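Structures for review follow.
In the two complexes that follow, chain A is the common piece, with chain B as its partner first and chain C second.
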Partner chain A sequence: MFKYVGRRLLVVAPTLLGVMLIVFFLTYTIGNPAVLLVPPEATPEDIARVEAVLGLDQPVAVQFLRYIGRIARFDFGVSFYSDRPALNLVVQRLPATLQLSLVALVIAILIGLPAGLFGALWRGKFADVALSASVLFGMSIPNFWLGLMLIILFGVQLRLLPISGSGTPAHLILPAITLATGMLAMIARLVRNDLLDVLNADYVRTARAKGVSNTIVFIRHALKNALTPVITVLGLQLGALLGGAIVTESVFAWPGVGRLILQSIERRDYPVVQAATFILAVIFILTNLVVDVVCATLDPRIVYE
Partner chain B sequence: MSNVLAKLVRSPLFIAGVIFLAPAIAFAIGAQWIAPHDPNEQVLSLRLRPPVWQGGDAGHLLGTDALGRDMLSRVIYGARVSLLIGVAVVVISGLLGTLVGVLAGYFGGWLDNLLMRIVDTFLAFPFLLLALAVMAVLKPGLWNLIMVLALTSWVPYARVARVRARALKGTEFVEAAQALAAKPLAIMGRHILPNISSSLVVIACFEIGAAMLAESTLSFLGLGISPDIPTWGMTLNQGRSYLLFAWWPTTIPGIFILLTVFGVNLVGDGIRDATDPRTRR
Partner chain C sequence: MRISPGKLALSILLLLITGLGLAQKDIVIGADTNGEHYDPQRGLSGSAHIMMAMFDGLTRLDPDGTLRPSLAESWELVNNNTWRFTIRQGVKFHNGESLDANVVKLNIDRLITPHQTRASLGSTVTGATVVDDYTIDITTVDTDPLLPSKATGFLIGPASMEQDPDNDSTEFNRHPIGTGPFKFVEDVPGEYIRLEANPDHWNGAPEATSLTFRIIPDRSVQLAELISGGVDFIENVTPELIDLVNRSDVAHVVQTGSAISHTIVFRQDVESPLQDKRVRQAINYGVDIDTIIDNVLSGYATPLATVVLPIALGYNPDVTRYPYDPERARELLAEAGYPDGVAIEFDFTPSIGELYNTEVLQAIARQLEGVGIKLHLNSLEYGIAIQRVYGDDTVNPAFRWQWKTWYNDPDSILYGFFSTGGSASYVSYPEIDDMLHRARYNLDNEERAQIYRDLQVIIKEEAIHLPLYNLQTLYGVSDRLDWQPRVDGRLYFAQTKFRD
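== the complex of A and B ==
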């Protein structure tokens, strides 16, 4: 087990380096922030002075090495815009994004899991076909558009729920539903297909042949084995969830990291974009590490190749 | 092959998918004949006219947007761009991902390790974040958008192609080809690719839908292609400011996105059911 975790950790390092490289080059090429920071009447010398202060006059390679060195010390620099450490800004916004994503995830699991179960149980029957079609429909809804439609319906027509901002649990309802829909469909689909695979497996047939009751076969043999791939894919889907959060936060003015990233891209606030992207990528990588370890614990057949 | 076709024709989901897709394809092919107006023609005296069933005028069946442009014509021309983006993205990312996956799976070793670390890195990004960041760097434009979406969507092909190629490597017919001194490229092209193509086609179908959704999302965030090209996402985004008192400029393009992506997904599901041996009964 320790060996597995150790090896898995070793693979994380090059991935992180790759993430840093991509983030650095993307933000590096977004445009010169010095131009945005100076007043319009500034001379080229003024701009050059600002560039020197920010270290933007150095060669790219030097800037990248400095950047890695600083990240190793958790120093992402100071926001060009608000004069505060970029990391603080991101960390401050993180709870809102995590809260939204977790609520959405819980909704998606609570509805998606049973939907997938029943789809597999009723395989080929009308209910299964209807469920499968609804699932595909759910996967086809543009996330942000669903948000806008919910705003029209609940905020404008019915005037039942707040349509932007945060603060009360009611504020969470529309964004969470918006974010949960795609994920829900994905979970239902996965659970159904994995269960169908497992129900065809030899050990399930053996259990049935021994006269074990349907319910027990389903719970003890099928469900347990079908859930491992579901958990793995859920970990990978976290990336989609965090990406979806960017859009959802923008639709509902939810004060999370996603909205911060969008604002920072508009303001060319490199340090904040770098810090936020890096933190999201780290959360994602660590979650998948934990997911893999959990799966390896649940399923003794998993060994590191 | 005819076996697969026969199955498809009998699959209700597949047929439903084709029906949902038909309007978008017809719009895309015949936009200039079907559309009642020029999609960019502004009639400022007819701004934000509601659809005809809500008291709008008969000349604009689905109403007009904030600049007095005909919604129906914008939606019809939008189909062309949206479908083009979906198909182009899938062709480019499919070729790239398959190449990476087959190479990694067939050769294994350090090449496999290197390519899979690159795949891991791409997987570690929320895809939308990557697309956003790249679009913020590049100038808005059709081909830039297609390249960005392709760059962020080749990973699924690579993962599936790798696993399948690895499994096929140990089969007798591949070993026989190797024993006959066939070149690796020939083996990959002639023996491995044909055997993994059906899984890749299924991924491609779902990815067309995903690319169309991604295009509309980026356009919605203001990072799509130029504002005078009427994509569905762009038209939707331009109506957003009037959301609270005019529902149609936002709702109508969204419905077309939804139904078209739904159609593509249904078709993909149908093809998967027809080709995947596990679902044959």
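== the complex of A and C ==
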């Protein structure tokens, strides 16, 4: 297994290089940040001077080589807007995003998993239908709308929870619920369907025929096997979540990475966009690796190659 | 040292009272963004409100736009190219450094260093000369009647700002120091910036003990925070929500005319039917702006005849909008050789144009369709739009734009839209260029006003734009505050009083 992990880690560097290459050319094509930095009265000469300061007057090839050189030293430069080191800006925002994502994920698992389990157990009964309906609702409801509704109910009407911002655990509740809802519904649905598939599988029937108790069959044989796809999906979800839940972060004024990236793209603040993409790519690659390892541990049919 | 229980109790009581007082006089502002840069020569427009709290300019504007002394007590023209400013004595920066003419010179020199993002503000300035400790001469390329007004933007930082030889303001930006009514306390990127009152401000200490600019990107959430008392101040309340705010018992709406002119620009420098004056006039005749203002904007806008606002120097009340006359529009179109109508590519950006911009444009497109002019509306992302209009001039033949009038003077907006080479100008009229030039370098305000009045006649006759309106700005303000709006749209809290 260590060999496998080692080999996977070796691929990280070229993957990152590829990502950074794409990011460079994408940022290069979406336009000129100098125009956005100067006031509207600025003359073309003013714009040209700012371009020169930002190094944007150089040929693309020169800019690209400089960029690669900087990245190799983990130097992403400073934000065009705040003059702060781009990497610091991103790293500063990571804890908030991690906190929100993990809490949302835990909520989603704590509710979604049992919901899926009971749905499978009570298949076709009223409870299952009710659960399925709620799941459909949870999956379909748009994040921003749910967030606003929660704000109106718990923040404005009942005055139980803070409306926006961060700082106390109470601030975390509404955004975490908003973010968890969609995920929770997906987990519940996946668990239910996978379990139903597995419960009909031959090996489960064999286990039952051998006289193994229902509980043991359910936990050891069915659940363990049903979880593999759930974990794969969860891993991907977590990767995406760490990229920042842009909508949820914006609604609740949560100071996470997602908002920073969105704002930086709007402003053409390339150093920050590049630093953020780099960090996110690293996180995503590592999350995927962890998911693969966990899946292989759960399911001996998956072999490390 | 021994403290008697009585004294201890008294000091605790005092502490509690002042503590409560502090809590009550904190003003929390819900803002879209903070701008994040607080260097007096580099700070960007997004941080303007915060800059105004921390820094003073050489001059300042009253809420109604009248020019007043600030760090400069007085100013006079000593010769055609030189303005002499007398600097206020005894002014201290937040870190205790003193203000004098040398410090002002340093700031002016720094402003006109080409790579500063705010350099265009000092584009007419050639240099500054210290006359004595409290007198400084600022020289300009040509006679600049607007220099004292522009000096409202010449924000002054302390001498210690300039320690880095590369002019890199990273360090200073982490802890900005000015002379303004509020001092920097902390900046948490993405969350808030907090300032506290400067009790030693030359113009008296503000009543508010602290200001917190909280970033709340979603405007519905800003409103939710306002009506539940979470923030004391928001911008951009929409007309249909005025009642909600006023009925909340914690906040009210303050309304004022904005200094932003909304308009539709026609390019005359690219091949299109808009090169024909009759087509441009047809468009002007074909739009019923009053109906749009009433129905789409709930009446919260004033139609404009040209981009020149009524508050601006040389506003010409005799120049009126083209009346709504679809018949005349069709005639003109036919005369221009388009009896079967024309199609025009049109660019807009939802975020340029503020309130219900997209809906307004859809209404205009519908009205123009009725006279045979088909607008193809293309929505552009903000950065792309800025790039196409100010950068590489690849914008479509007609586009939606806006411009703010500064110091109640039309110089910037007229240059921007109508001078050859102006940053949002796609026309070239030598006559207009000449008039703009004569007004810009003229010290006689009455002569300038007359030139601007004449200009508006030409701008209308040529139908260079389809002028739209200027909006009413609606602020949501906590009932605790007596806050005064400003013509320039800047948020200023140094004079804000608390209702008790």
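Basically, the second predicted complex is superposed on the first by the 264 of 305 C-alpha atoms of A that agree within 3 Å, B and C clash if a C-alpha of one lies under 4 Å from a C-alpha of the other, contacts with A are read in each partner's own complex, and residues count from 1 in each chain.
Keep in mind that, in the parts below, a contact is a pair of C-beta atoms (placed from the backbone, for glycine too) under 8 Å apart; a residue touches a chain by one contact, two chains touch by 3 or more.
Keep in mind that what you see is a predicted model, and the values were worked out from it rather than measured.
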**OP:** Consider chain A as the common anchor and indicate whether chain B and chain C clash or fit when overlaid.
**Re:** clash
**OP:** Look at A:Leu280 in the shared chain and tell me whether it touches chain B only, chain C only, both, or neither; answer first, second, both or neither.
**Re:** first
**OP:** Figure out whether A:Asn200 sits in contact with chain B (first) or chain C (second), or with both, or with neither.
**Re:** first
Original post:
If you stack the two complexes on chain A, which partner ends up touching A:Leu98: first (chain B), second (chain C), both, or neither?
Top reply: neither
Original post:
Counting only touches as set out at the top, which of chain B and chain C does A:Ile109 meet: first, second, both, neither?
Top reply: neither
Original post:
Counting only touches as set out at the top, which of chain B and chain C does A:Gly165 meet: first, second, both, neither?
Top reply: second
**OP:** Answer with first, second, both or neither: which of chain B and chain C does A:Pro255 touch in the superposed model?
**Re:** second
**OP:** Using the superposition on chain A described above, determine whether A:Leu148 touches chain B (first), chain C (second), both, or neither.
**Re:** both
Original post:
Regarding the shared-chain residue A:Val293, is it in contact with chain B (first), chain C (second), both, or neither?
Top reply: neither
Subject >> Contacts of A:Val156 with chain B and chain C, given as first, second, both or neither >> reply: both
Subject >> Superposition clash, chain B against chain C - the stretch among 42-50, 150-158 or 186-194 that is involved >> reply: 42-50
Original post:
Do chain B and chain C land on any of the same chain A residues, and which?
Top reply: 30-31, 144, 148, 151-152, 156, 250
Original post:
Which positions of chain A touch chain B when the two form their complex?
Top reply: 11, 14-16, 18-19, 22-23, 26-27, 29-31, 129, 132-133, 136-137, 139-145, 148-149, 151-152, 156, 196-197, 200, 236, 239-240, 242-244, 246-247, 250, 261-262, 265, 273, 277, 280-281, 284-285
Subject >> Complex contacts: residues of chain B adjacent to chain A >> reply: 12-13, 16, 117-118, 120-121, 123-130, 132-134, 136-137, 209, 213, 216-217, 220-221, 233, 236, 240, 243-244, 247, 250-251, 254, 257-259, 261-262, 264-266, 269, 278-279
Subject >> chain C-facing residues of chain A, complex >> reply: 30-32, 35-44, 46-47, 49-50, 52-53, 78-79, 81-84, 89, 92-93, 96, 144, 148, 151-152, 155-156, 159, 162-166, 250-253, 255-256, 259-260, 263, 266-268
Subject >> chain A-facing residues of chain C, complex >> reply: 33, 35-37, 39, 42, 44-45, 114-115, 117-121, 123, 168-170, 173-174, 188-191, 214-218, 220-221, 224-225, 227-228, 230, 381-384, 386-387, 390-392, 403, 412, 415-416, 421, 423-424
